[in-house]
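Each of the next two complexes has chain A plus one more chain, namely chain B in the first and chain C in the second.
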Partner chain A sequence: MKHETEPILQVNNLVKDYVSRGLLNSKSQVFHAVNNISLELYPGSTYALVGESGSGKSTTGKIICALEKATAGTVTLLGENYTNDSPSQLRKNIRGNIQMVFQDPFSALNPRKTIGDAVIEALQIRDIGSSGRERRNIARDTLQRVGLSVWHMDRYPHQFSGGQLQRVNIARALAVQPKILILDESVSALDVSIQAQVLNLLQEIKEEFSLSYLFITHDLSVVRFIADYVGVLFKGQLVEEGETKEIFEHPENEYTIRLLDSVPRTDPQQRHLLG
Partner chain B sequence: MSNLLEIDNLKVGFKNSSSQWTNAVDGVSIAVRPGEILGIVGESGCGKSVTMFSVLKLHDQRNTRYAGEIRFEDTELLTVPEKDMRQLRGKDIGFIFQNPMSSLNPLLTIGQQIRETVTSHRKHLPKKEVEALCIKALDDAGADDSAVWMSKYPYQLSGGMLQRVVIAIALVNEPKLLIADEPTTALDVTIQAQLLKVLCHIRDERGMSIVLITHDMGVVAETCDRVAVMYLGQIVETASVDELFANPRHPYTQGLLAATPPMVGKIPERLNTISGSVPQLSEVAKGCRFASRCPFASQECLSGDIPMFDVDEQHQSRCIKFNTIPDFRKVTA
Partner chain C sequence: MVSQIDNKNQQIDDVSGADHVPNSVDIDDENKTGKRQNQNSLWAAIKSSPSALYGGIFLLIIVFACVVIPHVMKMDPFATKASDILMAPSWQHVMGADNVGRDVFARVLFGGESSLLVGGSVAVVSGVLGFIVGAYSAFFPKIGYWLMRVCDGLMAFPAILFGIALIGGLGQSIGNVILALSIVFIPYVARVVRSATMSNMNENYVSVLVSLGASSTRILWRNIALNVIAPWIIEVTFVFADAILVEAAMSFIGTGIPQPSPSWGNMLYDSRTYIYQAWWLTVFPGVALALTVFVINIFGDGLREVFDPKRRR
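What follows is the complex of A and B.
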């Protein structure tokens, strides 16, 4: 991959081990959830991490978002290594720049807070806006940008559909002006017509807000649509990466080939699964 | 050739906490032919599972009311006594649910659970024969070591392995009809491919019929012979799978197809999506239920209930403009 700019985010030889110790035997077992992963995210691009359950894609996302500590390796944002930063350093330098959108839009929101307050809370924490009125205006504008209305602001999460709630989560992430969004299966729980709306929205705001995306998903048709680069994870290791078009048309790794061969084609004339 | 299952003008109503009835399924008519795989597609809440749950009457009967007819071979299922219904469940009609973990009893071994399915329908079968049937069912479902699996508990197997067990349980009594409700949705795509292969292979071998409930247009394209598309409790289009994908004649079907990111061909800049979201059943107005989201809707769409129109003998659409609407996929591209 050739690039004219420096990467905005760099992951170097990342390792995450989980150690389990039995109740009776003192022998501990080590599970390498993430095993020596390196990747680069470039400004304005979308990098998709794909893999099946247990491949380590979410763990990688959480470490980048500093929700988990790495066992070894580093993550840098604009050249600054923040892997071993203290919580207060993270709050100062990282939290506002890297935001995460999770899979289940409902459990990501506080059921007792209106969605307006959910966005305003994020602004308060990041100290954006000088007054309550200004914060409310920013929240309103952001919610409107993702397709919600002013009168939605005083409603509670249970009064929304899943697709609308995911828009709220995107708005809340967007409101603090991040550089990077980590989207962990963010459209996987949505119905296909709603998923399409949210994917279109993500495409639009990427340019508008100069964002870069790390897209974590198991859905390869979504990857083909949204990603510029793909990294294929298998048992904690990055087995293949490259430009999306290249990987989809000329996969080289055995696992990548198997994965791509397993995806149903959306045209009965091109059936291939049943051989 | 007569149909194996015929659902005729089925209405399924549920009572809510304030004792009001809502019809989650509202006038569904569909037939399942011997040996075919019929796909039922639609988004969450469209009534696809409710329709097929009704075939086995799996709803809480105190809060459910049925109207219409469901005929399985010569039996009218909606009026059959519960005692006879139990003879059909797991014997002539098998059922696979989405989540294999919650379909199985965590306290019983796999073997106990498959054996139970056999012995509850054939009480006097010798033990050895029961065992052989169970092993064969697991083999057919693609288990790599059936004898070992029999002694395992559910927590000892992975999700994909458990779904094979569930398939084995559904198939051990050689049903004539298998209803599979999102059987691969919770599984990884490589496992999904294997299980779809298993299901299609067994269909080819035994000539049973399968009703496949799914939201995934890719799964439909790969496996089904015929498709019924549901929206808000009604079937809006039925056709052979080739016809449905090549020539969709209902705007909702077109929207679903357009919203699915393609795995082949050109990658679109934007996905053509259906505007808005599915309204509440209680908000449904007179006329076409899709009208509020339809790019082609006009006054006449709201004037009264829309019947199914024949596009041709094998293709029906619940759209008064079925003949004139352009292909949504091309219009908004």
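What follows is the complex of A and C.
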């Protein structure tokens, strides 16, 4: 990959081990959830991390979002390494710049807070807006931008559908003006027509808010639609990486080939997804 | 400006589309309808659970009877009358008179007042402290480990034993009864709060708050606490009932509310000697005690139903 710009996010030789110790045997077992992953995310682009469940996709996302500590390796945002930062340093430099949208939209919202309050609280935490009224207006505008309406603001999460809730989650992430959005299986829990709506929304706001996406998914048909680059994860290792078109047309790794073959084709005459 | 009626209509059809977004609606107008709706649904939920409704009503009646009636009617639980000694229930003494000629009805009501005072204070004190201990021990696992070992230690004592020891050391007074029972019941509340907090901490909304850079105070007290309140209230009502029972038991063995102040426990103790001659000395305080604890437990069960999210969806 040749690029004229500097990467916004750089992941170098990331390792995450989980150590489990049995009750009887004193030997501890080490499980490499993430094993030596390196990737680069460029401003305004979308990097899709694909792989089967248990391949370490979500763990990678959580480490980048600084929700988990890496065992080894570094993650840098605009050239600044924050892997070993203290919570207060993270709060100052990283929090708010990297936001995550989770797979389960319901669990990502406090069931006892209205969605308006959820967005307003995010603004409060990031100290955006000077008065309560201003924050409320920003929250309203952001929610409207993702396709919700003013009267939704005073409703509770259980009064919404999954697709609407995922819009709320996206709105909350957008409200704090992040640079990077990590979408961890964000559309996998939605049904197909809603998936398409949310994906279109994501495409629209990407340019509008000059975002970069790290798209974590197992759904290759979505990847082809949204991603510029693809990294294929298998058992914690990045087995193949490249531009989306390249990967889909000329997969080199055996696992990637199997993964691509597993995607059902809409046209039986068509041999390859992009062929 | 879109009128209220138009909004109502638009609320009815599904709203996933962004096409008909009114652009300049006054927010404050919208605010009120939403809040009111939510309160209504809580009231509807309470009405839908008969045990919460009737338990609550009967509890209010008991509280009213014990706290308001004796003072309004100017009853005297200490006045003795030699001619009324061991008088059976009659119009003069609805629940009879005891071995020194005191009105049992007045004593049952005053005893109820102190029982409710002890139960209520214990519920509030151990409720508040248990909430704090439980929430922090879940949020900071290292402190929590030690806090929970202390709680285990406290739970190993039977409540009565701990109460007797403390009363023995500090002297017999209603304040010390409340103190002793509060310490005993803190671990029970803390356990419930801790487990509810821990299960909430695995929810993604906490991860989102962390990734936004929220302080732990905000995460714990302004978000997780809201979701822990329901199991907490239920546990506190059960502590309320338990504290009344333990107080009665302590009074029964003479370490509770000091004589001659009436309490259901010491009334039962006094009645032992006369159980064959004067059944009313045993039955009325006993029934009052059993009924109160029963009603509180029913109310607690009702609250459990009301707060069950599966019912409220």
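As a working rule, the second predicted complex is superposed on the first by the 267 of 275 C-alpha atoms of A that agree within 3 Å, B and C clash if a C-alpha of one lies under 4 Å from a C-alpha of the other, contacts with A are read in each partner's own complex, and residues count from 1 in each chain.
Going forward, a contact is a pair of C-beta atoms (placed from the backbone, for glycine too) under 8 Å apart; a residue touches a chain by one contact, two chains touch by 3 or more.
Not measured: the values here are computed from a predicted model.
Undergrad: Comparing chain B against chain C, which has contacts with more of the residues in chain A?
TA: After superposition, C is the partner touching more of chain A.
Undergrad: Can A:Q203 be said to touch chain B (first), chain C (second), both, or neither?
TA: The first partner, chain B, only.
Undergrad: Touch test for A:G163: chain B only (first), chain C only (second), both, or neither?
TA: Touch partners of A:G163: chain B and chain C.
Undergrad: With the two complexes superposed on chain A, say which partner A:D191 touches: chain B (first), chain C (second), both, or neither.
TA: Only chain B is touched by A:D191; chain C is not.
Undergrad: Which partner does A:P264 reach: the first (chain B), the second (chain C), both, or neither?
TA: After superposition on chain A, A:P264 lies in contact with chain B alone.
Undergrad: Given the touch rule stated above, what does A:R95 touch, chain B (first), chain C (second), both, or neither?
TA: Only chain C is touched by A:R95; chain B is not.
Undergrad: Which of the two partners, first being chain B and second being chain C, lies in contact with A:I247: first, second, both, or neither?
TA: neither
Undergrad: For A:F225, is the partner it touches chain B (first), chain C (second), both, or none of the two (neither)?
TA: Only chain B; A:F225 stays clear of chain C.
Undergrad: Quick check on my understanding: which residues of chain A belong to both its chain B contact set and its chain C contact set?
TA: 161, 163-164, 194, 197
Undergrad: Sort out for me which residues of chain A touch chain B in the complex.
TA: Residues 52-53, 161, 163-164, 191-197, 199-200, 203, 218, 220-222, 224-225, 258-259, 261-275 of chain A touch chain B in their complex.
Undergrad: What does chain C use to touch chain A in their complex?
TA: It comes out as residues 7, 10-11, 15-18, 21-22, 25, 27, 30-31, 33-35, 38, 203-205, 207-214, 218, 222-223, 226-227, 309, 312-313.
Undergrad: Any idea which chain A residues touch chain C in the complex?
TA: Going by the criterion above, the answer is residues 62, 65-67, 90-91, 95-96, 98-100, 102, 104, 107-114, 121-122, 125-126, 136-137, 140, 144, 146-156, 158, 161, 163-164, 169, 172, 176, 194, 197.
Undergrad: Quick one: which bits of chain B touch chain A in the complex? Just the residue numbers, please.
TA: Residue list for chain B touching chain A: 43-44, 159, 188-190, 192-193, 196-197, 200, 215-219, 221-223, 241-242, 245-246, 255-264, 267-268, 270-274, 277-278.
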